[in-house]
Structures are given as structure tokens and as C-alpha cells.
Amino acid sequence: MNFISDNAYGASPEILAAVMAAADGTAVSYGEDALTARVTARFSRLFLRDVAVFPVVTGTAANSLILSALCPPYGAVLCHEKSHIAVDECGAPEFFTGGAKLALIPGDGGKLTPGSIDTALRNFQSGVHSAKPSAISITQATELGTVYRPEEIAAIAERAHARGLKLHMDGARFANALVHLGCSPAELTWQAGVDALSFGATKNGALMAEAAIFFDPASARDFGLRRKRGGHLVSKMRFVSAQLDAYLEGGLWLRNAAHANALAKTLSGGLSKIAGVTIPHATEANAVLALVPDALAAKLRDGGAKFYDWSPSVEGRTLIRLVCSFATPDADVERLLDVARS
Amino acid sequence: MNFISDNAYGASPEILAAVMAAADGTAVSYGEDALTARVTARFSRLFLRDVAVFPVVTGTAANSLILSALCPPYGAVLCHEKSHIAVDECGAPEFFTGGAKLALIPGDGGKLTPGSIDTALRNFQSGVHSAKPSAISITQATELGTVYRPEEIAAIAERAHARGLKLHMDGARFANALVHLGCSPAELTWQAGVDALSFGATKNGALMAEAAIFFDPASARDFGLRRKRGGHLVSKMRFVSAQLDAYLEGGLWLRNAAHANALAKTLSGGLSKIAGVTIPHATEANAVLALVPDALAAKLRDGGAKFYDWSPSVEGRTLIRLVCSFATPDADVERLLDVARS
Amino acid sequence: MNFISDNAYGASPEILAAVMAAADGTAVSYGEDALTARVTARFSRLFLRDVAVFPVVTGTAANSLILSALCPPYGAVLCHEKSHIAVDECGAPEFFTGGAKLALIPGDGGKLTPGSIDTALRNFQSGVHSAKPSAISITQATELGTVYRPEEIAAIAERAHARGLKLHMDGARFANALVHLGCSPAELTWQAGVDALSFGATKNGALMAEAAIFFDPASARDFGLRRKRGGHLVSKMRFVSAQLDAYLEGGLWLRNAAHANALAKTLSGGLSKIAGVTIPHATEANAVLALVPDALAAKLRDGGAKFYDWSPSVEGRTLIRLVCSFATPDADVERLLDVARS
Amino acid sequence: MNFISDNAYGASPEILAAVMAAADGTAVSYGEDALTARVTARFSRLFLRDVAVFPVVTGTAANSLILSALCPPYGAVLCHEKSHIAVDECGAPEFFTGGAKLALIPGDGGKLTPGSIDTALRNFQSGVHSAKPSAISITQATELGTVYRPEEIAAIAERAHARGLKLHMDGARFANALVHLGCSPAELTWQAGVDALSFGATKNGALMAEAAIFFDPASARDFGLRRKRGGHLVSKMRFVSAQLDAYLEGGLWLRNAAHANALAKTLSGGLSKIAGVTIPHATEANAVLALVPDALAAKLRDGGAKFYDWSPSVEGRTLIRLVCSFATPDADVERLLDVARS
């Protein structure tokens, strides 16, 4: 019963098979191969416009490289105070941007709003004493398992662009958000004003594959140089591209995400009926945040469940995070609920 | 007939199989898994001492991260003017170190010598106006297909340590060098004075797997933080470790390198007998540098051979580079020589 | 009636005279001159131990360079959320450290406490996902005109050192704090556990002169290289050192600070008696933060007073900051109070 | 007899007087003062167009900040292998640019030429493996005491702009070059294609004052942020601007440079007549490079002359550098020549 993270699971068989298949013969290295070209074409079709696509192997790389292209060293990136870029990447955005600041914004459900952005922007003086606000980064789905609706994104994008800021979306769990909303990839990104997307696949069935996607390819002109000097240009790129290709093929990515989301819904629904449990945010993607009595948390662990304490215990209850993945067995959810109810 | 680079080929079946096998079940992410621990133990046995091992997916990452640990931002790294870190990594060492300098040193066969190092060091003033020489980086096997003997390395290490510099070895083709020399991994590294090694596997049969290895684990205390903020901590690390594990298992890495080296030897020997061809350096690893008449280069390409022009044509001859890999068919070498002789 | 900042005023006549005098003849450049050596000796006597002294011309340079020596690129500096390094230096600490994070801590009166530091440290996970807490920076006197007592500093230093962090003091207004407390420079710094001090002179009578001071000279071994590559090694250093020399000579620095502090006390006392005015923090140095009715703020400005709005108006009152300097005329304070009372 | 460097001397009386005068009263800090505005206007008149002017206190700051605006982190700056930015700034350009490379180009007399630039550019591959050539930096007057003629600069600028590179001029000794050529500041800079200039005053009579000048003010939009985060925005900026104002007033800068140049000419002419002395480059500015017998060098030093050994002794002769300044006494030159001849 592993609910620690969606990266605790291996990889989808289809993706593994694609990696195997990609090993045959020779190929041009450093991303100039046919498979990588096919992946770019796929993404362009998926997003209904020409996009620039840069496969990498970690979400931190995708996020940080994109932010370095959107925000100058003397700039600031506005983001949620609990966002992955702020608390889980050991300063990678600061490193890649050359020292830009992350301006941390609080907000319910892991989300930014036009209002909270306005408040944050007021903390920046004009002139040269404050860093220059240059980008906003939102996470879709959020770290708390909630999802931005396209109109919420559009409102943030409007704020951003009116002030000359770019909008980045950390889509480590983009598929989970998309499946929840039932809208198109285009609607959820550039049509709502997103400038660049970290498109995640690793957490949803790939071995290690993400893509930095720019909706205005011209803005990515020098991005390849950034990727290379970050050590993120894999020489045998076909092995990354093969993963992305299989991930998108025939809707595998959406099926995987639908599975994970459904389990999370079941889990969330089940837990919410247990005495003393509060589900503080809507369960919209594949993560369930639950405020549970410490005794219950202990019981779950004794029963074999693995999960993460999101916050330390307060007044006898702890906010735990349970993440379902593309490969989490249905039975694990039932078993965990059984333990919880017992 | 692909002799462009050893990264043009796919991956060894044993390594692919290991990746498949690693996909089962759940594992702790971010390198805390059992397979990664096993790989570290393997390397420690291999090198006859406890070593700190950090798997990453590119040689540029391994090199640059190590250099950032060995050289402060105000420091300088001495390296060959044709070394990969100097000419092929788009400034990654400068990026990761925070702006250290590479001091470029000329030298026959892609090698540094105590003498050339002394000359380079004399260019640094004491005081604060010059960057502080902090590390020396050598490539083993070199970019020109030659190999440092242990005593050559020891002489360089002595120079380095006497001046307070650390010695890094870029071992993207470490296996090829080792097989050529027939010595032990320990003799070729820390016993000769190497402080840290970029241990390459990608070019010699892995999909994407390298390891940053520190022979004094204490010196790598904070290296994990550097790897993480560089975006190089793969979440499903088992898929990288599985490659390294299979690579080392049962001597696969040495067999792969022996194959590549043998082909290169055959190629070099064959070409050297053709009129107008000069082999400027001993063929000690898996790359053949050959000065060939431009007409011959054209004939080879017309005949279906792919290779890289190392230097532009001078007086009717071009220095071409032909690289053999773990998977290059024997027949390709024969065929290329047939074309050349025809 | 200029109360905008203490840097609105020129320079003390004694310091100007010293600059003139320093212009005669030739001197060794880049800080190897006799005057600079004299200044180092002076500081060592002042602090009752050998210290390493690096004159620079801005407080931002002193702060950022010191932080780059105390905190690695993958580290974090804990500081008050309103501190100068956090809000007024356009990301200089991030730039000089190579991308370290500032962890912003709230707190009354612009101060950190052991408790608020503990809370902040709990936000850092162990492992590699969080930046590594490496230094604490406190401002003395604070941006809000309050002063840390030696025992408060010692309690913070104890916390810092127990966790392996270094303690930096931004002493842009060190003289004002010292004069308020009446203790010795040693008691206020290294004897309380401070590792490095940005010693300010510019705001208190110099033209442009600050000193980065390390209480353990060995820890500053490579600091000169950092200063040089930051472009902060003034070639004709004697012109900076002459300022510091005259500043310390015969207690000028303490007289200047005493003047500024006394005026601030008068100002604060006078304002506190006016209806609707609140002085939220003790006036311990040369800055007065006052919460004043907006009408009063307007009246003061109409009457010719210049000052800074520290926070935007809330419920009809604005927090204004009035700073007195070494050269603020006594009459200006009286006049401002007259206007206020009228 | 101090010929070590032009920064060994103090400052012109007119400049010292201006600093004194600037100390009166209050002024807006951080460069928003009237004197700084006057300096910008002066430079705009001087260069016959609107220019953006950013006073700083060191040449390293001016150079590095400008290069960071002209060259991205993944870029390369082409410069002479003996240029100040390459050998005397401890990696400041690498630091400020965020890790860009300096591509070192050899060349007679410390000069770049279109031909040597072409050769250097051929070393850069297209694609992502090489850093992107982004700027060229030339020194005027050069470190070897030679001067670029406007048409030489124009030829370099043409090369630069045709390839999308920007042209920077390190004008630490701009006045000396200008006086030698007798042309206008505009002819020597933007009319010849220079994009940005480090305008030096320190070596030619100021205490510490340089200006980063952009000939297209639009290109300097964010430069103020860079200066601030580099710690190079002096709070009491009037004390820097006062120096620049007096420096330009009434042609002081040109008189100072003319004095230095004339002495250098005398020195060069005198030395060239001494047996065994070779003057390898034309003496066009205020520095004399002379290849002298080691015995002569020793005799000069015994006679009280101070100067710098530019290169180590080869075959009994050493290349020494003798620099004359705005304040070098005529008698010192005569005395040195007397010693040399004796």
C-alpha cells in the first residue's frame, strides 16, 4: 500500500516496450533523431499549434530551465509558498536563473489567485531596489491535489501579461488535471495564456521523461543552449523521446491519469466518512490531502500503508498526503479504507 | 557504417533487460532504493575502497557537478584545449561552478603533462587578480583516442596536490582506457591520485547512465544537494542504477569496451596502410583519428560511412575521427576498409 | 527637513579632510597600501582580536560578499522578512552566493528570535530537497530602529552554531546600535557569537566606505578573490581606507552616531505626545517609525519635511519612517515637531 | 619614480575639490541626484547623442556589468588573450554574466583584428555544444600601450554586427587613446560601431570613478537592476558623479591624458636609443612596453624606479611595462632615462 508518491511506481508496459524498441540500430544523437522529431510533431498536434519541445529527464530540470528562459537573473518569479519549485527543488530555480528570487504567495488549496498576485506585486517597489517581477509559476494539478480551471488560469495570465510577466505552468501532473477537467490541452494552456509548460510524464507512467514546451517557439530560440549547459541534453535522446511517444500514443497518458484520479476519489470519499477525518481540499487529481487523527495515521501505517506527513501534527491531527498512481492497485485503496474503518 | 560517435548505438541487451526488470513494484524514489545502494556497494568493491557514488544521466552533468565540488566560483580548472569540458559542453562547467575559468592547455594526443601544467600555472599570478587554480581535469581515454598510463596520471596528480589542486578524471570512456591498459580500476584512479571520476556507461552500452564518483566520500558530503539543484536527481533512480548494475555485472562493461577497442585497432591498422593516410596518435581506445586525403574521405562517405571531421581540411587532407562502439558490427569495419582500399 | 535616510547627508569634515590628505604622492594600489594596513590594525585593536578587514564602498557589497563566503550556492540564509538584504538589494545576496535562498522570517521590531529561527528551520527538510540552512543574518540596528542586546545576539548565535550555521551581522548602522547599548564592539559581535560583520560607515558620515570584517581571519582566506571578482576591489584603495581611518579616529564614529540617536529620541518623544500618533517600536537607534494619521503625514510634508512611507496607509494611518543622521541639524527636529504640533 | 601603474597616483586637485563641494547639504541618494543628472547630460553632449550613463567605482565593475548585459550566460565574449578582462579581473566577467566564456584571441600589440576574430569564430560550432558567440571586447588604449584607429574599430564592429555580436570597449584609458588620435569621442565609439563603453576616469585623475555607457539607451533598460544587485549602486552617488563632472569640465581629462602620453613618448624615445633595448610596439598612449636587458632592469630598480615585469625574462631580456600618469613628474622620466643611460 504505497501512497507516498506517484513516482514510487515503475513504468507502463507500453512505455517500457517503446524503450526496448528504440534500442535497435543507430540514431543521430543529441535529439536530432527521428523519434524526437516525431514527438515534437505529436505535441504540436496535441496542442493545436506549433510548439517547441525539449525533452528532459526530471521535472526540476524542466521547471528550472523554463524559468531561466522567462526570468532574468535580476527578476522574481511569483509562486505558491508550497509549490514544488519553492520547497522541493533545493534552489534549482535560483541556480538556473542565475539568482532570481522566488516570491512566495500563500493561498488556499495550493493555488494563486489574481488577488494574491496583486498583493504580492505590491511588495515590489519600482526602481532598482527590488527584484523585477518577471514570471508567475502555477502548478497544475497543484501540490495539494486541486486543479486550476481554464478561467482561473486565464485570470492569472491576464494579470501576468498586463504587467509584462510570463506565465509558467508546472505540469508534473498535467494529465491528472486534464482528465479531471475534461477540456483540451490547448484550452488548459496557451488558450488560457500559459507561455511555457513543464509537461510531466514520469509520475504518470514513464521511467524518466518530461518535456519543456514553449507555445511560442520563437521564444525558445536559445533554449537548447540552456538545456545543454545544464547537462540536460541526453546523448541517446531517443530513449527519452520513445517514452514520450508511447505516453501520448493512443491516449495512454489519459488512461493512466484517469486510473489514478479515480482511485484518489474513492480514497477521499472513503476517508471523509471516517470520524475525525477532514478532507480540506476538493480531491480533483490523484492526491488526497487528509487531516486525520494521529491514532488513525498510526493505525494506517501499522496496517502497511505508506504515505507522507504533509504537515506536523497539530492538536492531535496530522495532515497526511496519499498519492495514487497510474499503477496503484485498486485493491490497495480498498485495503487502506478497510484498515481505516476497522 | 556509423562511426560518428559511440553514442550513435542503442544499448546492450543485458542493460535493457535490467531496466525492464527494475520496473516491477514500488521503490523508494530519489535514489534511496535498494538497487542504487547495490550499485554503490559494487563500485566500492570495484575500486577496493569505500566510494561515494552519484548516478546521473549525462557525462556533462557528471563532469560539471564534480567540478563544482572541486573548484570554487573564483577558481580555475586546468584542462586540455580540446577536452570535452572545454569545447563540447556549452559552458556547463562555468555554469555549475558559478563562473570558474577553464584554463586551456595545448598538448599532443589530447594529453596534459606535468610540463604543460607547470607552464599553465605560471600564467596565474598570486594575489587576487587571477582566478585561483583549483582543479585539473584529464580525460581518460582522451578525445583523441589515447590513454594516460597510471604513472602519467600519478605525475599529474603529484603536481596538482602539491599546489593544492584536485584531480578530476573525465571517464566517459573509462572502460576503453582500462581495457587497453589491463590495470585495475583502483590503479587507474585513486591509487594514481585521482580525486573524483566521471564514470561513463552511456557510450559503452547503457541508455543513459553515468556516475559521479568521489574516492574520499567525506569530500562529497554536500554533493547530493548540488545534484538535486542541478535537476539531476532522477526520481525513479532505479532506472539509472539498474543500468549501472547490469553494466558492471559479470564484466559486461569490459567486454563491451574490448570489442570497441579491438575494432578501432583493426580500423587504425587497416587505414594506416593506405597511401596518403597518417594516424597521428596511437590508437589506444575506441577512436581512430586519421589524417586522410580529402578524396578518400569523400569516397568513404560515398561508400556509406559516417564519421566526423575533427579538423577542417588542410593541404588536401582532413583529420577525421572514426569511433567504434560496443555494438559496432565487425563487418562495418571490414567494409569501410574495403571501400578505403578500393 | 530631510528625514528620508541617513544617506541623504554628505560627509563629516574630518573624513573629507582625510580623503584630501590621502591624495598626496603615490601608493601601492589594490589595498596593499599603508593606510589600509593601518585601518586593519585599528579594527583589530577596536575588536580586541585580530580581524580580517576588507573595505568596500557599499553595504550591499559587504553583505553579499560576506554571505557568499558563509553560505554555499545550495544553502539558505535565514533573515528577517523586512531586512535590507531581503527587500532592498535587488537579489544581490542571491547573485553573490550563486543562487542561495533567503528564508524570510517575520518578527516584531525587525528582529529574529531563537523561537522564530526554530520555526523557520523546521520548514527545511533534511535530505536534498530543501536548500541547506547555512547562515543567519541579523541587522544591527534593525531596519525598524531597534537594537539587539548582546544576550539576544548570543542566543541566536548559539542556535546558529549548534546547527552548523554561521552568524552574519549587517551593521550598516552598527555605530548607532553600539552607542545606544554602551557596550564594546567586541561584546556586540564576536563575543556574542557573530562570525562576520558588515561594518557601515557611509550612513554615519563617510562618503562611501564600509568594511567586511571576519572575526576568524582564517575563514576569510579567499575573500579577497571574491571581492575582486565582484568588482569591489577599488584600485586606489587608500581613498576608502582614509575614510574608515578618520571615521574611527578619536571616536568620530561614536560622536556622529550619538548625535543621530539623540535627535531620533527627541523626535520620537515629541511625536509620541501628539494625538493619534503611535510609536510601535522603541526608538533605540537613529530611525523613528511612527504610525501617524494621514492628515498629519500630509501636514508634515506640506511643512517641508521629507520622509519615507514604510507601509501603505491602513485605516487612515500610515507607518512613516524618519531617519536622523550624523549631520541632521537639531533645528530640523524642532521644526518638524513644531509643524506636527501646529 | 613610480611607473608601476597609473593608479599609483592620487587624484587631480580639481576632482578633489569637486568631491569636497559635493558634500554640502542633502541630496537624493542612489543616483537620483542633480549632479548625476548633470553628468549624464555632459556625456550626451560629449558623444553627440543621448547615452545611458551608469557611474560605478571600478573598471572591473563597468566591464563586467556591461558584458552581462551584452552576453547571455550561455554566450561567449571574444577578447584579446592579454586583455584586462581575461587576465586581471579574477573571473569577474564570468561571474557577472552567469558563466559565459571568454574566448581568448592572440594578436600583436594587444589588438584584435577582423582576421583573428574570424579564426576564433571558426572554433565555435553551430548547434548547442559550443557557447554562443555574443560579444567582442576590445581595450582602448590596449594593455600594451597601443591604440585602435577608428577604422580598425569599424572593421571589427562590422564583423561583430554581421554575426549578431555586440561590441564592447574597455576604455579604462579611453582619454589616452583619444588624445593620441585627436578624433572625437563619437568617432572613436558609436560612430565606429561600439555598442557600450567602459569609460575610465580613475587611472587618469579621479579617486574612483568610471562610467558604463550605452550608446543605445534602450538597450540599458534593466542595467540599473544589474548594477544594484552587483552592489555597485553607491548610495551617496553624488560623490562619484562629482568626480566625473570635474573630470570632463574644461577638458581636464584631455589635459591629464596628454601629459601622461607625452611623458610616455619621451620615455619610449629615450629608452629606444639605449643599447639592447627594444620597444616592440608603438608607444601610442601612456604605457611603454620595453624589452630590456635584465641588467638594465636591475639597474633601473636600484636607481629607484618602480615598474612591472610584463613577462618573465627570456634569453637575458625582460619585457617591462612603464606607465606614466596624469601626475607623473616630468623629472621622473628624465631621471629614469639618466639612470638607464648611466
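Just so it is clear, A, B, C and D label the chains in written order, and each chain counts residues from 1 on its own.
Keep in mind that, in the parts below, a residue touches a chain if its C-beta (ideal position, glycine included) is under 8 Å from a C-beta of that chain, and two chains touch if they have at least 3 such contacts.
Please read these numbers as outputs of a predicted model, since none were measured by experiment.
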Intersection of the contact lists for chain A and chain D: B, C
Longest centre-to-centre distance from chain B, chain (CA-based): C
Between chain C and chain D, centroid-to-centroid distance (C-alpha), Å: 34
Distance between the centres, which are taken as Cα means, of chain C and chain A, whole angstrom: 41
Shared-contact residues (touching 2 or more other chains) in chain D: 73-74, 89-91, 94-95, 98-99, 128-129, 131, 225, 228-229, 233
Complex contact set, residues of chain D against chain B: 73-74, 76, 87-91, 94-95, 97-102, 104, 122-123, 128-131, 312
Residue ranges of chain A touching chain B (in the complex, touch as defined): 2, 4-5, 7-11, 16, 19-20, 22-29, 56-65, 89-92, 94-96, 202-203, 207-208, 225, 228-236, 238-240
Residue ranges of chain C in contact with chain B within the complex: 30, 72-74, 98-99, 127-129, 131-132, 222, 224-229, 233
